[in-house]
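Two complexes are shown next, each including chain A; its partner changes from chain B in the first to chain C in the second.
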Partner chain A sequence: MSMISGKKPAVGKKREPITDTILLMSITIGIFLAMYVVAMLAFGGGFLKPQQIFDMLNENAFLIIISCGLTVVMITGSIDISVGGVTALVAMVGVMTLNGSMFPGAELSDGMRIFIAALMAIGIGLAFGAVQGALIAFLEIQPFIVTLAGMFFARGMITIISVQPQKATGDIMAVLQRRLEIPWLGSPNKKGVMIPAKIEIGVIIALAVVAVIFVLLRWMKLGRGFYAVGGNQQSALMLGINVRRTRFMAHLISGLLAGIAGFVFMMHTGAGNATNATASEMNAIASSIIGGTLLTGGVGNVIGTFFGVLTLTTIKSIVVTSGLREPWWQSITTGAMLCFFILLQSVVLSSRGKGGLRARMKAWTGKKTG
Partner chain B sequence: MKTKTEQRRSFFQNNAQLLVPLIALGLLIIFNLIRDPGFFSVELATNNDGNPVLQGNLISILNGASELVILAMGMTLVTAAAGGQDISVGCLAAVAGSAFVKVLKSGAAITPWLVLAGFLVCCVTAMIFGAFNGTLVSVFRIQPMIATLILFTCGRSIAYWINGGATPIVESPIIKAIGGFIPGVPIPTPILIVCVMGIFFALVFRFTTMGLFMQTVGINQNAARLNGISAVGMKLLAFVLLGLCCAVSGVIGVGRLQLINHETLLLNVEMDAILAVAIGGNSLGGGKFKMIGSVLGAYTIQALTITLYAMKVSSTDVKAYKAVVIILLVVLGSPVVKAWFGSVKNKLTARGVSAAAGKEAA
Partner chain C sequence: MILSMRGICKAFPGVRALQDVDFTLRKGEIHALMGENGAGKSTLIKVLTGVYTKDAGEILIGEDQLPVSIRSPQDAQNAGISTVYQEITLCPNLTVAENMFIGREKGAGVNWKERERKTGELLESLGIPARPRQQLGNCSLAVQQMVAIARAVDMECRVLILDEPTSSLDEKEVEMLFSLMRDLKARGVGIIFVTHFLEQVYAVSDRITVLRNGELVGEFPVEKLPQVELVAMMMGKELEGLNVMGKAGERAADSSETLYEAHGLSSTASRPFDFHIAKGEVNGFTGLLGSGRSESVRAIFGADRVTGGKVTMNGKPVKISSPADAMKQGIAYLPEDRKRDGIIADLSVRENIILALQVMKGFFHPISRAEAEKFADEYIKALEIKTASQDAPIKSLSGGNQQKVILARWLLTHPQYLILDEPTRGIDVGTKTEIQRLVLKLSEEGMSVTFISSEIEEMLRTCSRLIVMRDRNIVGELTGDELTQDHVMYTIAGGGD
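What follows is the complex of A and B.
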């Protein structure tokens, strides 16, 4: 499969140099840009300010992070639906660490508390990833069931830890919610005073995650292994790739990212609640799909996923801005857009698949007869 | 001619996948009997309307699992034919229930004919949505989970939209009878509906080749096509039948509360339905299936939930305990563990044979 190498094939006049991954990603980016430009022209106002994009990022930093994890897992041909639950669990534990109800006796400084909360976020994420990965990779249990149980466990643990919603306030949250200000990207408000663009720390973490996962998938041995295993498990095994270890690592990464996402979620909201991040696993799957990742494995890219999240968010804000204020329009339009993207991918891939197959058949018969 | 032992062996081999749900169900029953010997006692009581009704934990397990069992039946077909799962069943049930209530609300009074018309409209609605999912999966060859993600995202909003943003109440003895008891019949109506659905599928499997064809499509689509079986048609049929199951369970759900709440009607049931299929020993990758396994799986899940409730676990915490039990079950049923058990068994029997041989030699 051409997408495994990711480079132009050396003797590839007959084969198209554009891989499925790149093609699907470009379509997404194109549609996102077109949609945003249309929104700018049609609604103006908020869409013209750079702050609109930063707001979208601020709100959805955690979604970007878990979508990256899901992209990795989906490229490997697996699925992880526990991420939303893990995010909410980590947020709950983090908030309780910050407001002191986790360790009632201990006298801890603010810095120490943030440090412990971060450690626990990473620890919980890794623990979920490791257990699920081991069950999926080494015991060969269906990923859907394992991670479904993971989701149940995480959601159940939240209420076992605390039935009441928890809140962290005060100086400690002020530290975490500190925003980066960029004056030259600012825009004037109604009174004409320049308001600098504001970015939360979570967004920077999310962008860093996107960059790291991009490098991992593009240039590192492990990342190329994900594509190989997702493309064809048997071939990957014959190439000498440790398939079990690769699948385990994919789930470990997804768990770790869910942990980080939980911490970012907590930084943004400062609240722990059993209904936090509800259905975010499905939003993350939708974002990955819109970004060009196939659930069948072997195809996908985090840059596409990043734009997938932005596309989903833009659809929502367009619906809100366009005055369709009834609560049902938002998800109905999201569903319609999702339908459009899924059909588009199907049509594009199947038309390419047919052409590719025919070309290969010709070359093969020609070689044999001649 | 097969000998008796051969017959017996093939019976066990054919039904080996039912072992895990049966063991799980058996363990749950034994556990409950040890904890409380009267746990499964059923008594005849009289309810507020003066009807004789059966009461007890056993009845509440059978009754409470009804919607799940019906959905698990449909999910088994989709899993077998399409090799994937439908995650929109809960939303589809909400849409169907909303359509049902919409029709009921359109008349001046709720008459039996109106209820029948409502039920038909609700079935047709759900089957159209099922056909939509089925078309995406069969014609456009989209993974079932992704294709149904569309309705998962917007299904409940469509249900909300059908009733114009309200959660109407439908008070009528007929609707009450659907979710509760028919006057004079002590068995809860949902259990009877499950029986009807079960008999329906049993007859279909007995007198048509649908089950075999779906299995064939799930195992090898191209081979099925070369044998003259329409893969597209079979997948579509599976999704339409699942739509029918959604409609029936949606109507039961409406009957239980006598109102439609698009947000909470059968919430998260899709996950339980898929779980029931998996616990029943069916491969989630499609192919061979046993519907009875999924039914047992669904009852196992409900029995587990009721057991946890009886142990005073709060309804929000139940999920965590359920997760642990699920993991234990799937670990027991996993191919690696099964292979390990098989090798241990072989070793033991080999040792037994060699020991016996040694004795004979001596």
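What follows is the complex of A and C.
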């Protein structure tokens, strides 16, 4: 009754409330740190070197980028499974631009080639995003179907452009694969010589993408619109949000990021191949989910997603380090991991607003004994 | 005067939803808009909020009563008319502050500090027990509703429409909402309050407008309109001189052997209630729309999740927690909405008839074609179902005949206890009488029947006992001499104050 008569609700006395997004993200970061510490203690060796983390990042920079795109799309309650295909297509086009087979006869400088490759990466990404976004947002076709078509289309295009795998080598790749060296994070090799930590350019791009998307999602009206639309599309409409435009923009961003990811992938591997980045869309979905993005929309965060990628990668390297070298062990642990996180999320979320986890556990155990 | 609607007409193909309706709202008043199903309440609201465009009439707004043209929800909002619907139209995953401001800020960025500061001030001044950074979905429904109201208030609404705001709130939450409503009233906001809870109308409203069948019945100050008169107006009955036909309840006393008995039965949709029915008895639940009639019988049938209570059937305790359980106990239920819950439109009349029996037998014991045809023939004849053949799809039949097919479906399972929820809605008078006669015949054969209808006469004609509900509680039970329209209406209105 005091709630009713009292004009002033008790503000500021209680703990600051936190949102589902922040709660799930914190859980992911906590689990990642715990897992990494355990790996350091159990396996030592590589896990003790900072380079271990940098290697994970170097290897997975493109995955971080497409996962950011998927996080955006999933927050709006949609899905994009074309990103792996687009990444591979962009990588193929980029490699062929670099090694000259894209524009035979044209005399282009290395810088010009890199510039054209980057431009095409962004162009292809935006084109996929725009077409898919338009079909999904304005014609209201199921996102899964649209992006499934996009995935097949992109994969098919790769083979049309070149049946043979393509490679870019030489000076031009040396430029792109230049690494940033950080001596103070280095570690001694077997002979005791300090080797500086090495970071690829792609990682810096990936971190920039995380930062930009973070700002977009947190402080831009467009980003908040993604959350509103994912939370409840009908409500978002009633609240005055342009739902169609918002959904379109989410897919456009995802497409653009897939394009950038393709360029980063190419910088890392220097190879164009129809089977590049296979199933990376699935890894991106898994990373987003582990990072605390709900497939149902409305909840998620790119910082969480970043740690989602790291968690997924760490668990894989733990599996390998512990001697299970066959590739299926990685798949199985990824599956188990995903299951674990989804379960955890649903338990945590369903216990909110019902007197918290403790009350919930009490009710549970009470029922069991009584 | 802050809003007047004059001579509003709106027709849909085949229906005159509103005919020459006037409505006025004063500054700082709470005005209840009342009416039964199909009275035109929601049409009027939708005309005002720009969801529908009116065919004729004018809407004047503001203290200087300027005419406005409202053609879209956006127009309504610009005119200072805000609506808070029964279902929350906010985003549960966002914070309270964000829900207050999203979609109506300028620029491309978001100023969280400003949002949260303003929200904090507003929540405090309106006495809403929520914090700006709280996630909306973690607030109670009442608080969510109040946040929606706060958003409307902050958008400088002059007219606030609350459409069934209390239907999912508990008593304490309703009180919270009412004090907010009174507060807004003091600030000069005109509130249109749509509800079907009579007591709530009398608790907060200043004036009442009653609609019936799309027409204005009248506008009254709340103190000049006793509850019973309000009920009579909504139902379209006169109070005096109706006792003439009060003879219905005199049918022979029902056998005293109890068939079904429930103590404290409750479901996710209904409050705990006691109920019993004797063998061969016809009784009925009555009350206004939303009083909990259907919810009660759905609880008996296990159609909503049963949450408590003891049930006995023929004196033996039984557990009925799903329609399948109820069917095993010989209970049959004809749902209120036959289009949604009853018919399978594309299947033939025959297939629709044998459906329930097939379910009871289990799908591994198929009913043979010959048997099915025999059953279908038998019931098409017995109930005089007008259909081209048993193979005709049920959707080709008229509403009354569709209803008979569903009745046949359940009769075929030889239930001991038949529950009919609005079996005569939307069907012609002839078929109505036939169904009433059939109910009486079945009861003579020993079947117990519970009957729900919006038409009191129909209930009086068929039932020997009426259970009266108001605001989701059973408020009276009428038998024998008490079975008159006046009595029913007084009981619905609460003792006739």
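In this section, the second predicted complex is superposed on the first by the 335 of 370 C-alpha atoms of A that agree within 3 Å, B and C clash if a C-alpha of one lies under 4 Å from a C-alpha of the other, contacts with A are read in each partner's own complex, and residues count from 1 in each chain.
Just so we're on the same page, a residue touches a chain if its C-beta (ideal position, glycine included) is under 8 Å from a C-beta of that chain, and two chains touch if they have at least 3 such contacts.
Computed from a prediction, not measured in an experiment: that's the story for all the values here.
Undergrad: Between chain B and chain C, whom does A:Leu33 touch in the aligned arrangement: first, second, both, or neither?
TA: After superposition on chain A, A:Leu33 lies in contact with neither partner.
Undergrad: Would you sort A:Ala208 into first (chain B), second (chain C), both or neither based on which partner it touches?
TA: Touch status of A:Ala208: no partner.
Undergrad: On the A-aligned overlay, A:Gln234 touches which partner chain: chain B = first, chain C = second, or both, or neither?
TA: second
Undergrad: Could you look at A:Asp20 and tell me whether it touches chain B, chain C, both or neither (first, second, both, neither)?
TA: The second partner, chain C, only.
Undergrad: A:Glu326 in the overlay: touching chain B, chain C, both, or neither? Say first, second, both or neither.
TA: first
Undergrad: In the superposed arrangement, which partner chain does A:Leu222 touch: chain B (first), chain C (second), both, or neither?
TA: A:Leu222 sits against chain C, while chain B stays out of touch.
Undergrad: Tell me the contact category for A:Val299 with respect to chain B and chain C: first, second, both or neither.
TA: After superposition on chain A, A:Val299 lies in contact with chain C alone.
Undergrad: What residues of chain A sit close enough to touch chain B in their complex?
TA: 79, 135, 138-142, 144-146, 148-153, 155-157, 159-160, 163, 274, 282, 285-286, 289, 294-296, 326-332, 334-336, 338-339, 342-343, 346-347, 350
Undergrad: State the interface residues of chain A toward chain C in the complex, per the touch definition above.
TA: 1, 3-11, 14, 16-21, 218-225, 227-228, 230-232, 234-236, 238-241, 298-299, 352-353
Undergrad: Quick check: in the complex, which residue numbers of chain C touch chain A?
TA: Those in contact with chain A are residues 73, 88-95, 98-99, 102-105, 107-110, 112, 120, 123-124, 127-131, 133-135, 137-138, 172, 175-176, 179.
Undergrad: Provide the residue numbers of chain B that touch chain A in the complex, in ascending order.
TA: Checking each residue of chain B against chain A gives 85, 87, 136, 140-143, 145-147, 149-158, 160-161, 165, 271, 274-275, 278, 284-285, 314, 316-324, 326-327, 330-331, 334-337.
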